[in-house]
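Both of the next two complexes hold subunit A, though its partner changes from subunit B to subunit C.
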Partner chain A sequence: MWTDYFRLAFKTFTSEKKRTLLTLIGIFIGIAAVVSLISLGQGLQAGIRGQFDVLGTNKIFVTPGSRGAFNPANTIKLSQKDVDAMRAVSGVKAVSAMIYKIAGVEYSGERKYTFVIGIDDSEESFEKVMEAFGVTINQGRGARGTREAVIPYRFVIGDFYKKPVRVGDRLKIEGKKFRATGAVSQVGNPQDDTNLYITMDSAKELFNVGDDEIDYVMITVKDGEKPATVAEQIKKRLRKTRNVKEGNEDFTVQTTEDFMKTFNTILLIVQIVLIGIAAISLLVGGVNIANTMYTAVMERTKEIGIMKAIGAKNSDIFMIFLIESGMLGVVGGILGLGAGAGLSKLVSYGARKTGWAMVQSLFPWYLTIGAILFSFVVGAIAGTLPARQASKLKPVDALRYE
Partner chain B sequence: MTKKSIIKLEKVWKTYTMGEAEVHALRGIDLDIKEGEFVAIMGPSGSGKSTAMNMVGALDIPTRGRILLDGKDISHLTESALAQVRGKKIGFIFQQFNLLPTLTAQENVMLPMIFQGIDAEERKERAAKLLKMVELGERINHKPTELSGGQQQRVAIARSLANNPEIILADEPTGNLDSKTEATVIDFLKKLHEKEKKTIVLVTHDEEVAKVADRIEHLRDGQIIRTQKNSKRS
Partner chain C sequence: MIKDYFQLALRNLLRRRLRAWLTVIGIFIGIMAVVALVSLSQGLQNAVLSEFNKIGADRIIVTPGGAKLGPVGGMLSASKFTEDDYDALKKVKGIDTSASVYTKTAYITYGKETKQEQVWGFPIDSEHMEFYRTQSMFDIDKGRLLRPGDKNKVMIGWETANEVFDKKIKVGNKIRINGQEFEVVGIHTKQGGLLGAMGDKVIRIPKETAREIFHEPDEITSIFLRVKNPEDIDQVVESVKHRLRRFRHVKEGEEDFTVQTSKQVIQTFNNILGIVQAVLVGLALISLLVGGIGIMNTMYTAVAERTKEIGIMKSVGAKNSAIRWIFMIESGLLGTVGGIIGMIIGLGIGKMAEMVALQYGIESLKAYMGLPLLIGAILFSFVVGALAGTLPAMRAARLKPVDALRK
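Let's turn to the complex of A and B:
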């Protein structure tokens, strides 16, 4: 019985090609938009989660200011005293302070501005701190002393300077000569992939900053300790050393989990807004299906009469029209799914080409199944009223209809 | 030996309300059609013969009076229950053939069987057999638009037989055909009556066509004014 309803619906599609096609486009656009947005959203989430996974969940980040974002123009800084206080908190395994500066970096006669990060290697080796920071040195070694630097991914692939920079090459940072002793692998966003890494000592000398101008502190928590608990302790200590009241903190303490949460919330809001907009087009697609189905019921009044005369019950007619409308939804949905997948792949390809490797396109099984199911439901809902109208037609009246 | 009644109309009234006015399409008709009979209903347009056909074909229910199909009162059934009755017991042949344009001849013949839940294999086989019977065995995969009027009406005849109904109801079956094809269609109806022992109700305004029936009921103004037995037959 069901397969027969589907066959009947399919017959109508092929005989009303133009109208079917136009109706499909309505659903197609909506589903394509929703699918590509969800796919990219999922991909972005997975990409960022991957970065946090590299970082590990046993990290705490302390930044000056109450906003919690790294900002080299921030006039509020953390002091050495703050760093020492953090080090004294039980549960803290290691503390790495960092300085962020924008500097002119010259290579092979070409001068460009980029971030230069000074890394405190007094407690742990440069390599270890970098690794804890989620950045892997994949060529050469870390920087030592005051004349060595580790170059970022985009220097190596040659899309920052005209010429690719190689390990062993010389660069000038703010006029001072440095040698590239190592290079890091791709982080996945074009900004971080131009960060140049030097030692804290180099940075202090180069930028002429004192001990109390720290931009960023990363803390590794001892195994078995809860990062959130340790973070609370750090906040308490910092309030004391910086002499601020609770609620008026001029610093921000965040765990990896906090970052994830913040990020997920932002992503969720963005996704809801975008998918909401896409859903409107889906709604329009649904209305379009309803319109097509009403027209179809009108046009096929006589057919309905014939089918009723030869034994079709109201429920048969209802199902025939409902399935036809549901199938309009499904076919539009499948096409939309394909187009959405293509669009999403295209966007992620373009993003990768411009350095945003973390923008992936993901297709979890529930997205595929969900999109098809959802488009069927949209079609079926849109078809309910027209199908009902069709099923209620009196055979005598319907047969007389011309 | 009196034969069993298959359709019986008892004092059937059908009244339509047109705004304020009431129009009586049927005014207390009594009609008794026996099993295996060939009955023609004749009358000019407006005589109520279409309404009478709708009653006989269980397409509509009366305003007053009773309709008995195989002894069972169907005058108060719901539309879906009537559909079931129609699907099983009555085969329709219409003036305009009324085939579904999107379906092939075979699919059109299979359609009534779908609504009776007959499985696909049996449907196919039976449809092919019926189309062969109406001499369209070569054309089972043609769509109605690819067939002549006479061929379309033969497909409709095959379709009316799909669920092996006891009654065939033909509403002006030759109205859209030329005299040559008219003759073949009438021949098929005769064959159904004589060989397949079907009860046939033929609605027509054509005296020549009506002559094939055992009995002609003349309708005027919603009432039967004359019953004419055909002596040449029976």
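Let's turn to the complex of A and C:
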């Protein structure tokens, strides 16, 4: 019985090749667009999560100013006293302070501007702090003293300066000589892959800043402690040292989880907007299927009449047409899935070429199954009305139809 | 003749009413999405442009830092400006008026609350005040402007006065900036809009006072310039760069400062909006493509159904071109009707989004309904219809009368 339904559907496809093909294209385009967007969105999300995983969920970030992690217009700073106070909070394993500035960096006669980050290595080694920061030194070693720097990925591959920078080479930061003692692996976005790392002592000397001009503090929480609880303790302590009341904080404390939540929310909104707009084409594709099915019902009125006359039930007729339209959806969906996969691979390849290694293309099993299932549903829904119309035809009228 | 074509096309469409409607729906959904998106993004762009245009095309902003991040980059930059830099460039030929300002984040206390806000210190002699006022586009709503001789006096933006603190600030009230008491002498008129995000939440004090309370004797954070003749602006930019390069001993192409004209700022903003618009409209266009395929499908079916009819028309003398026209007009009509309906609903959606945004206090989101969009949408949907109909129409035109009749 069921195999008959499918065979009938296939027969129609082969006899109405052009119409079937055009209807398939309609669904295929929509599925391809939606699939590639979801795939890239999932990939980006996974990429960001990967960075946070490297960072670890046991981190707390403290930034000066009340408006969150990155507000460049803010000139409020954290002080050494704040850092010491945070160190004393129970549950805190390590505290690393950072200064960042945009500075002129000169290499083989070429001067460019980039972020220079001063890292406090007084408590733990430079390498350890970098690692906790989620950045791996994959060549040479960390910086020591006041004349050494660790260079970013894009310096090494040679797409920042005309000439690639190698470990051991000399650079000038704001006119002062530095030696590159190490290089870090790719972070995955073009901005962070140009950050130059030096010690906090270098930064203080270079930028002429005192102990109390810290831009960023990263805290590692002891194993077994809840970051959110420790973050609350830090807030309490900082309110005391900075002498501010609750609600008037001039600093922001965020855990890795807080960051991830913010990122995910933003990403989700962007995805919903983009996929929502792309999904409109699926709706149009569905309308096309409905149209094709109505035409099919009309053309085959006589055939329906004959089938009914020799004993086909209404439900048989309904199923024949429903399977036909569902198949149109599924086949379009499978083709679209393939094209969407290709498209998403292409985009992520292009993104990687321009420094956005973070943008991957990802195909979780539920995307594959979901796309096929969804395209079947689109096809079936589009076919419901035409199939109903076909099933309700009176045999006599249908036979009489010209 | 043409009239006949149209009559034929229309009659044929009405013969298969359901199919015609479904095909039209396919186009109408796409056009609706495109029109709504274009209308909103264009409206937003226009609002931004008209606000920026108030600044005037004769302004230049100079900030420290060479990372090309504009004023924001300046605050993070290792290189700083001092009044000496300002003195060095203010005499450049072609500059009409100029002012140097110093800004810093400070703790503002009012009643029991303390907030952190940007405080702008600027020259308050009458000439500079007027220039700075037009530059930053503020007017006094209540109270007065700062005037020479004012010390420990402050002007604040509308939002600072009414929304930042639980209790509203009025002229004559005292606020504390970094612990120092200031009297509020003026409150600015509400700017609203996108620029209001920057202009309504400000605190402005005399530069000399800022130097005292922030213990900063010489640093400046930005320099505002106005050129005498807007046509010469590019030349003045070059002169300013040249002068500053010499003064700061940096080579060309390696400047540790940024010189931007108001036009460039607008351009940057425009480019970003343009990219967003392109992505969204591009995605919406996909559905139009699918709608076009729907038209093509309908037309192929129509050709197949009317093969005999085509044969008869040809045998009584219809030329190939006549057959082509009949089918092209039919598909063009499908597109156009879909386009008109889609355009009307799309504009409705745009208008609705505008009203919803207004409910949330966003005044800049105005649905654009200009003639180019209206005509463009209809024309475009006609083109989509006609293009989709081309292949089926050609197939119909090429049918051999004998074969067609025999079918």
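One rule holds in what follows: the second predicted complex is superposed on the first by the 399 of 402 C-alpha atoms of A that agree within 3 Å, B and C clash if a C-alpha of one lies under 4 Å from a C-alpha of the other, contacts with A are read in each partner's own complex, and residues count from 1 in each chain.
Criterion: a contact is a pair of C-beta atoms (placed from the backbone, for glycine too) under 8 Å apart; a residue touches a chain by one contact, two chains touch by 3 or more.
Given the structure is predicted, the values throughout are model-derived calculations rather than measurements.
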Going by the contact rule set out at the top, does A:Ile157 touch subunit B (first), subunit C (second), both, or neither?
neither
Now for A:Ala103: first (subunit B), second (subunit C), both, or neither, which partner does it touch?
second
According to the contact criterion defined above, which of subunit B and subunit C contacts more residues of subunit A?
C
According to the stated criteria, A:Ala309 is in contact with first (subunit B), second (subunit C), both, or neither; which is it?
first
Under the stated touch criterion, which partner chain does A:Val167 make contact with: subunit B (first), subunit C (second), both, or neither?
neither
Given the touch rule stated above, what does A:Gly26 touch, subunit B (first), subunit C (second), both, or neither?
second
Looking at A:Met260, would you say it contacts subunit B, subunit C, both, or neither? Reply first, second, both or neither.
neither
Footprint of subunit A on subunit B - complex, ascending:
54, 57, 59-60, 79-80, 83-84, 86-88, 92, 94, 98-103, 107, 111-112, 114-117, 120, 159, 162-163
Touching residues of subunit A toward subunit C in the complex: what are they?
18-19, 22-23, 25-26, 29-30, 33, 65-66, 72-76, 100-104, 110-116, 174, 206-207, 244-245, 247-248, 250, 273-274, 277-278, 280-281, 283-285, 287-288, 290-292, 294-295
Tell me, which parts of subunit C touch subunit A in their complex?
18-19, 22-23, 25-26, 29-30, 33, 37, 65-69, 72-73, 75-79, 104-105, 107, 112-116, 118, 250-251, 254, 256, 279-280, 283-284, 286-287, 289-291, 293-294, 296-298, 300-301
So, in the complex, the side of subunit A touching subunit B is made of residues 1, 3-4, 11-12, 14-15, 302-303, 306-316, 394-396, 399
